[in-house]
Amino acid sequence: MLKDSIQIDRIIKNALEEDLGPGDLTTDAIIGPDIIGKAVLEAREDIILAGLHVFMRVFTILDPKVTFETFYNDGESVPAGKVVCAIKGGMASILKAERTALNLIQRMSGIATITSHYVEKAASGTVKILDTRKTAPGLRMLDKYAVPLGGGYNHRFGLYDAILIKDNHIAVAGGIRKAIEAARRKTPHGIKIEVEVEDLKGVNEALEARADIILLDNMPPDQLKKAVKLVAGRALLEASGGITIENIKEIAATGVDRISVGALTHSVRAMDLGLEISRL
Amino acid sequence: MLKDSIQIDRIIKNALEEDLGPGDLTTDAIIGPDIIGKAVLEAREDIILAGLHVFMRVFTILDPKVTFETFYNDGESVPAGKVVCAIKGGMASILKAERTALNLIQRMSGIATITSHYVEKAASGTVKILDTRKTAPGLRMLDKYAVPLGGGYNHRFGLYDAILIKDNHIAVAGGIRKAIEAARRKTPHGIKIEVEVEDLKGVNEALEARADIILLDNMPPDQLKKAVKLVAGRALLEASGGITIENIKEIAATGVDRISVGALTHSVRAMDLGLEISRL
Amino acid sequence: MLKDSIQIDRIIKNALEEDLGPGDLTTDAIIGPDIIGKAVLEAREDIILAGLHVFMRVFTILDPKVTFETFYNDGESVPAGKVVCAIKGGMASILKAERTALNLIQRMSGIATITSHYVEKAASGTVKILDTRKTAPGLRMLDKYAVPLGGGYNHRFGLYDAILIKDNHIAVAGGIRKAIEAARRKTPHGIKIEVEVEDLKGVNEALEARADIILLDNMPPDQLKKAVKLVAGRALLEASGGITIENIKEIAATGVDRISVGALTHSVRAMDLGLEISRL
Amino acid sequence: MLKDSIQIDRIIKNALEEDLGPGDLTTDAIIGPDIIGKAVLEAREDIILAGLHVFMRVFTILDPKVTFETFYNDGESVPAGKVVCAIKGGMASILKAERTALNLIQRMSGIATITSHYVEKAASGTVKILDTRKTAPGLRMLDKYAVPLGGGYNHRFGLYDAILIKDNHIAVAGGIRKAIEAARRKTPHGIKIEVEVEDLKGVNEALEARADIILLDNMPPDQLKKAVKLVAGRALLEASGGITIENIKEIAATGVDRISVGALTHSVRAMDLGLEISRL
Amino acid sequence: MLKDSIQIDRIIKNALEEDLGPGDLTTDAIIGPDIIGKAVLEAREDIILAGLHVFMRVFTILDPKVTFETFYNDGESVPAGKVVCAIKGGMASILKAERTALNLIQRMSGIATITSHYVEKAASGTVKILDTRKTAPGLRMLDKYAVPLGGGYNHRFGLYDAILIKDNHIAVAGGIRKAIEAARRKTPHGIKIEVEVEDLKGVNEALEARADIILLDNMPPDQLKKAVKLVAGRALLEASGGITIENIKEIAATGVDRISVGALTHSVRAMDLGLEISRL
Amino acid sequence: MLKDSIQIDRIIKNALEEDLGPGDLTTDAIIGPDIIGKAVLEAREDIILAGLHVFMRVFTILDPKVTFETFYNDGESVPAGKVVCAIKGGMASILKAERTALNLIQRMSGIATITSHYVEKAASGTVKILDTRKTAPGLRMLDKYAVPLGGGYNHRFGLYDAILIKDNHIAVAGGIRKAIEAARRKTPHGIKIEVEVEDLKGVNEALEARADIILLDNMPPDQLKKAVKLVAGRALLEASGGITIENIKEIAATGVDRISVGALTHSVRAMDLGLEISRL
């Protein structure tokens, strides 16, 4: 997904231009084109690594002659103090790419790491932790790439690759059954139908209309348990709304199939990964 | 800056396409073009508002007929529970724009709000709290726009609008003086020269070479105080590195002119702003 | 889908630039900006109309002052000789947009019309006629939009919105079961899993691995019937490969749930729709 | 034209993004980056080959390490069953590029092949068979590239590289002579002036105004013959309108210099070219 | 050409972004959105006006509410001191667009004005003064638009809208005749064939091969006269190379049909047009 | 700045597409892909070289196999008749890139050369000659790159990288002091504040408000001298307006620190650099 992507190259070029504009004034004034440098990317706290190929691609887009030696792969756990990757190439290129490359890998590793915390905390062999569409605008592809590296799963990538019927759709359609039927007539082959409900009555209506997935919005654990019992495997059940690292274990224990967590991507803490650069 | 910007329109279109792809399957299947809706944007926690024009622009790019009534302006404090803005227009347009618009305003308000916390905590009449280049790739313009709304100030926008000489530049140039001289020969008119130093010896060298601004990297408070005394107004002093909400007061008290804080933008917590949509 | 689409505007601008380049030499030399014209869009054969909004958008992108009166909607049957839409505006604008607008609506109506023929011929109340990814590169969104207007259904829009496991995937994975399991671990929530098989043994394996949809590739009708019997509703069955207007009735009669037809979009006959332009 | 074109790369990237979106779900889940595959492109019916370089470029844009061995060149006749080209490279890359590459070469070969049929049928040593602007929006450059490979010639590429005065231009200008004079004042050096007429009176007026080319619109064969006699080599004559494979021989026999045929590009039948992929 | 052009809008947006980047620091800091201003565009030397619509479009792209009153049209002679156009609108918008708009109209008017000087100096009723491809990269469309406003004519817009066979083409083809024949086989309908020659022998060969236009490269006036006599109207003759305002009269007097002048666009002097802005 | 720039590649691709459109008709018809050529770039007048890397990049973007041998570097003085660079590669590629590459290097060298004339004429060891924003729209980065090669310095690159307070800003703000204070509140860290004044009273106000730079607009030399005396090093002084090669020495002699000259870029004379191409 990441190595051959035309979209990722566009994200990176866009980010580089944003930072470089008409040029790196400082480096262009001081660092000649023949100065060669090296750098090591270090984890300065324990992380789940995500975005190493994106990180390296920033350098090679700017300067195809930069080379790398990697010591970890995406998805691996990197302890604080370990070197993730060594870089060699034009000092000017390294300095120009540094900030953009770090901004990307720090965010992506932040997402993978927090996801792994939610997954561990859920402590369930069967429930899947899902992301949401609450991503940084323009970076969804990268945000979504990081989630499975932390053990999570992707919910839909956008409005175009799943049907998710919400309260307003239901209100306009005139009920859950009517909304599902309208959607089914237009749903592309290969796409499941999910419907958001707020209570057990909604669960029943969704079941009757043969929804593939039922999203249980902001329901308390006891209600979730009842829904699980009621559905008995006839549809997938997704719990959503107000999920935190504190309550995810309790939610997982209700037996729902999926738990979607906005916090995986909407409030990302950048992981502390740093670049030590020196002249060769 | 935000109302007439060609760049912002590009960011928004890019974000909308990322979410909409070839179409909103659910809404296109269920909500007819004649259904009119309304919505209110509510603050669900206390925030400093940032990005209201960007939020509204998402809707009008998708559908120029959507109209708005606004109750707060960017930079104002909005208490939890208050309505920021009311929206009226095609229900389908509102539903399609909702997530993208929220993602933007939640992030921008998150930046303005956390900035205001740092500014308050610094509790200094003179020190300026600065942002950094640790922004979400592709969104720097919006991230940087939000900082002054929270009472902060912008550091450079990129590598192109300031000279900031760092350790590697100094090493290659062969010392602080030589690096500053090399930079001065190429610095565009209107751009100041800033140099990063690690100790008081560096401060002295930077002063002798007539740096406009001296960045004091990761210095402890007592060293910062000595630097302030030593410089005595002959250059601006910026403290940087490891600044947190816990230690900013102590740093500010050293008398430095500027404190730059990566956390304003690199680990943004999305503010809880929600949209209540209903049919008209 | 079509009225608010940023993607469609890009397709149209691209097409206009392709035709206009640095300018319409003839019209710019002869037709002054004050000459007003009118035009009617006529069907010159019986068609299912598709793309009327796209057609009109070509004119308004070039000249927002052009106005329209429409007599048919997308999806309606228009008999030969009937006027679909009347246009009024700058003569130069009408002449410049004419060819691009016609090329689009002629192709889209061609797709809707041929789809309706396949649907009628299938003469089945339950089978759904699906399109494929055999579309004109760059125009998939429009090609796919036209299919449901003719009574068909959309298969996946691209490689990103469905899992479709083919023979090479199976060979690399080491069997149908293993391929499905590998896919399931990575499939985004909301996406079904479809697997292509070539015989009844494959059908059985797919069923055991709980595929949502089984694509029966190039199977003869008697085999299709056996597959229908064997599956007995436990998965959706899609027949594919070598479907023509001549054999679709026989295929439909086998009881499969879906029939996908490359010919809906890969060999489109442009419908004869013409513009009669005159000076006002 | 095709090997060094910036435009073609843009068409291909656009088509790949349309198909790949945020990623090939199936292949990314199943096919590891180290799996190497091979493929052969076979003609499954008799074709005139067109677009081989475009076909190969799709793979190399996605993955520069893919290699090719070619057995035919563009413009050559390939009998059913023959291998056009062999491909070797990452299996994932081959699978991801397959559909886009085939869609392009199938369409282009369809155009070259149908063109060759019209040319053969015309059975004239002197008449040139021309294409029109009735091409797939966004693909004109490729459509136009295929026509000469089938023995045809290109009419203008767009509104910008020829003067073609039509009925509405004449009406606004106030007659053929006035229209030609207006155009001549603005025509770029190197561009011929063509005028569309409907009868012999128009031919005479066009001759008097020294048109370089006269387009005879929808004239019956006997009228075309009279026009040929009347003009006697003083201008090029182009027959246009309602040309089919059935009547082209009769039209060619009238002695006109050019015959333009919308059907070469507006209703393309995709040639049956297929890819046989296997693991190496 | 200029009012409905998608290309021109792109040129303008590109130019505005180049100047505005992430924002006009000064104006955004000082001029509030409610301040209304007016401005007049004055000619400060005698000019032929070119680019007024482009000038105005810069403002309206930035701010659709800006309004204009115009006192001259493109192609008209404006004496020093006269007001070309009055502008009213947001002061901030006027200040932000000012430089970009002036840069464009000053260059375009410079081209129209110098062209008019060459045309007057040629003092010939029949010779046409042509531009070349020596334009500012990215601005060819605007440069070429200005030339006819000064009384000149456009040579080809690029390599795509005329055949111009030069010495290297001739050398590779193996002679003028062979080059022309090769070109004729591929020349799109509507495009003339021009060939560059260096002496009368070349003129003869070009005539024999029925070139439409013969470019006489760097020939002295007496040679040009001989070529005119020799050709006697059988082809158009274009003189090119080393044409200056000093020698154009002598060149024109030789009787050639066209004279192409690189200096019209390769060394443009910006006309002195200024904006007087004040608060309303 | 030029070797690793994403922006420069975009400028070049844009320029190539502008010239090539759908293809070089002449070269594609005549020059086969196997013909190899060589070329030398010669200075045909004395120049300061600028843009050699941009020149070469045009060829390699079109054809990565083209190779170069260079004999001069940017910023060096090249006497008339000397060879700057030798080129080897596909003849077709060389012919297609020729005009675009020359247009760029001729303009850039024109800027460097005229700048060197102004610098020499100023004959001052301390004054810096600055460019302005009067550049060719879309080419500012290249125009600005050439100025230092001729010995000049860059003024701001756009409205985004310096504060320059002009008369209208002052009028709206209500005086110089108020304008400077408003700007200071919003000025990004690292950006100086410059204010334009028209007389000595203005100079005094600017000094009091602690402007970093004072622009003395259109002041006669005696006034400039008085300003220099008055300021006595407390701010940088920039003279601007009406500077010519004739009066620059007198202006420089007044003691101002900077002189900005619009003519460096707004009325560029293309240097005579030519390409001699031949078949290998």
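Here the chain labels run A, B, C, D, E and F in written order, and each chain numbers its own residues starting at 1.
Methods note: a contact is a pair of C-beta atoms (placed from the backbone, for glycine too) under 8 Å apart; a residue touches a chain by one contact, two chains touch by 3 or more.
Fair warning: this is a prediction, and the values are worked out from it, not measured in the lab.
Asker: Out of curiosity, which chains are bumping into both chain B and chain E?
Answerer: C, F
Asker: List every chain that touches both chain D and chain F.
Answerer: Under the touch definition, chain D and chain F have A, E as mutual neighbours.
Asker: Using mean Cα positions as chain centres, tell me which chain lies farthest from chain F.
Answerer: The chain lying farthest from chain F is C.
Asker: Let me spell it out: compute each chain's centre from its C-alpha atoms, then which one is farthest from chain A's centre?
Answerer: E
Asker: More C-beta contacts across E-F or across B-C?
Answerer: E-F
Asker: In whole angstrom, how far does the Cα centroid of chain C sit from the Cα centroid of chain F?
Answerer: Roughly 52 Å, centre to centre.
Asker: Rounded to a whole Å, what is the gap between the Cα centroids of chain D and chain E?
Answerer: 32
Asker: Going through chain C residue by residue, note those that touch at least 2 other chains and give them in order.
Answerer: Where chain C meets two or more other chains at a single residue, that happens at 20-24, 28, 96, 140-141, 157, 160-164, 186, 188, 191.
Asker: Spell out all pairs of chains that touch, sorted by label.
Answerer: A-B, A-C, A-D, A-F, B-C, B-E, B-F, C-D, C-E, D-E, D-F, E-F
Asker: Spell out the part of chain B that touches chain F in their complex, as residue ranges.
Answerer: Residue positions touching the partner: 128, 130, 148, 153-157, 160-164, 186, 188-192, 194, 213, 238, 258.
Asker: Please output the residues of chain A touching chain F within their complex, sorted ascending.
Answerer: That would be residues 13, 16-17, 20-24, 28, 33, 61-63, 92-93, 96 of chain A.
Asker: Which bits of chain B are touching chain E when the two form their complex?
Answerer: 1, 3-7, 140-141, 144, 157
Asker: Provide the residue numbers of chain B that touch chain A in the complex, in ascending order.
Answerer: Those residues of chain B that touch chain A are 11-12, 14-15, 18-32, 35, 37, 91, 95-96, 99-100, 102-104, 106-107, 110, 133-141, 157-166, 168-169, 171-173, 179, 182-183, 185-188, 191, 262, 266-270, 277-279.
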